[in-house]
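Below are two complexes that have chain A in common, paired first with chain B and then with chain C.
Take a look at the complex of A and B:
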């Protein structure tokens, strides 16, 4: 199927691109934290906002782990719908996080990006896991 | 013989599916991404809705032949006054002095709108008087016609003082429009079509320069004489009058206005469609890949009949 032969590498590349941007944001998160705070802030406020962003990034990495494990183990590698959904979600996330990083958006927007572009593919991945290992369906 | 393409035409394939399928979901998602993203791109890069634009116009300015002159004739503050308002002149008493005035307006480029006011005034003085400061107020009627019609009465106020008595004052400048807010793009604006100085008032307070300037400056649309360098000539001969000469030009104005609904929509539409073209192309490629390669199952229906039946 020619679709899968282009969809699998596309999905892999978009996941890796999303992962790279998440790691970049992890190392340069200072500006995003400052954008979420008022002009005058205390060190405690900074630390709490920083903590929130670190938690969000850690959750993203966890969801990546779920999805990559499903992808590399073959559970969802040849599933067309999951491939399309994952490619679309991670591509949108890459563009959104690019803006998040360069335009120094606030923290609240990150939660929205997380919900739409990281949670959705991971949830479908978990459903597929349950389908393959629990209900013994063929992984296609 | 060489083999070449003589003719080609596209063959249409329709992909059909029922409403509650993954294909429909995909279609909805891709349509949202295609039609909403250009709006976001165009809006976030600033300037989507034009709030202010400019246009050029030569205003129709006429001098109204009203003037008010106050000249200080001693360092202690004695002054002489002259005006074109009979009520004020009657109240001045011994401070009233009549100068010789000559006024001319010229249309230099023959476009039917006046361009220059030449105002010459000669103030006779007594032997013991010298002029130390001059305050002159001239009124104009000002009209704009190109976008909204603006009809108003404005003034030019000149003030110059020196610790050294002078013989001549020359003022050369432009009558510039000052706006606090952009003008409308159509309609009539004549709220300022009232005399700057109320010539029919018998009260001295209506001819007080401070009151006049205070109520004038509270307007949103005024004119100001921009004269960066008045020339105060010294050395008045005995017995000769004080000369005041002013050349006021009416220049081409760059006026800022709020664009109307259709102009704003036209400019926003241009911005939206030019970004939409890119997203449409990308979406077309993605949809062709998805439906041609059956990534989501649909029923392809070829429209061209393959055989005669």
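Take a look at the complex of A and C:
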């Protein structure tokens, strides 16, 4: 199937692009934290907002681990629907996070991006895991 | 395009003598005395092939990120690091291309010299270069560079481990085939 042969690398590349942007945001999160705080802020406020962003990024990395483990173990690599959903979600996440980084958006928007573009593919991945290992269905 | 004959001989000798213990392997294959016919097991390693395939797709992304970042930080580097980083980028590009080609040839066509060449290139040349890029703070590592170098380092590590296992299986199989052929 030629569709499969281009969907698998496309899905991989969008996941990696999303991952690279998340790592980039992790190392340059100062401006985004400052954007979430009022003009005058104390060090404790900065630290607590910083902590929230670190937690959000760590949750994103955890969801990546779930999805990548499903992808590389073969559970969802050749499943067209999950592939399409994942490619779309991660591509939108990459663009949204690009704006998040360059336009220095606030932290609240990150939670929305996380919910739509990271949680959704990971939840479908877990459903597929349960389907393959629990209910013994074929991985396709 | 094949490797030159002298290089193939040297790499094959290296795999058989330096990497793997001949006496231990011969004892290992003697246990399969029942199988006197030639073993038709597929020796190509799936994890290694997956790693190579995705590495091949990731390489342009890595190259563009690295070149653009180098372009942006070039005025801020000291003179010797300017020369070093341009050289390192050229070398890594060259090694990556040769490495991926040899890995594909060696794994898919089950050729020991090519696979050994790929494994040596990865461990001895590409791995130190990527560690240099990741841990030397004096070259002004940018966040985007950290991201792509971490991914490439993970690829090289998985290829080192999977390549070693594939090489060991291939060498022990070809050695046992050579010994079994005496009984034909």
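Note that the second predicted complex is superposed on the first by the 140 of 140 C-alpha atoms of A that agree within 3 Å, B and C clash if a C-alpha of one lies under 4 Å from a C-alpha of the other, contacts with A are read in each partner's own complex, and residues count from 1 in each chain.
Following the convention adopted for this analysis, a residue touches a chain if its C-beta (ideal position, glycine included) is under 8 Å from a C-beta of that chain, and two chains touch if they have at least 3 such contacts.
Here the structure is a predicted model, which means the values were calculated and not measured.
In the superposition on chain A, contact is made by A:80 with chain B only, not with chain C.
In the superposition on chain A, A:88 makes contact with chain B only, not with chain C. Of the two partner chains placed around the shared chain by superposition, chain C is the only one that A:9 touches, whereas chain B remains out of contact.
In the superposed pair of complexes, A:69 makes contact with neither chain B nor chain C.
Of the two partner chains, neither chain B nor chain C is touched by A:51. Judged by the touch definition given at the top, the superposed model places A:17 against chain C, while chain B stays out of reach. Chain A is touched at more residues by one of its partners, and among chain B and chain C that partner is C. With both structures placed on the common chain, the touch criterion links A:27 to chain C but leaves chain B unconnected. Of all the residues in chain B, the ones that touch chain A in their complex are 22, 26, 29, 33, 289-290, 293-296.
Within the complex formed with chain B, the residues of chain A that make contact are 1-3, 6-7, 80-81, 83-84, 88, 92.
Those residues of chain C whose C-beta lies close enough to touch chain A in the complex are 50, 53-54, 57-58, 61, 65, 143-144, 146-148, 150-151. Residues 9, 12-13, 16-17, 19-28, 72 of chain A are the ones that touch chain C when the two sit in their complex.
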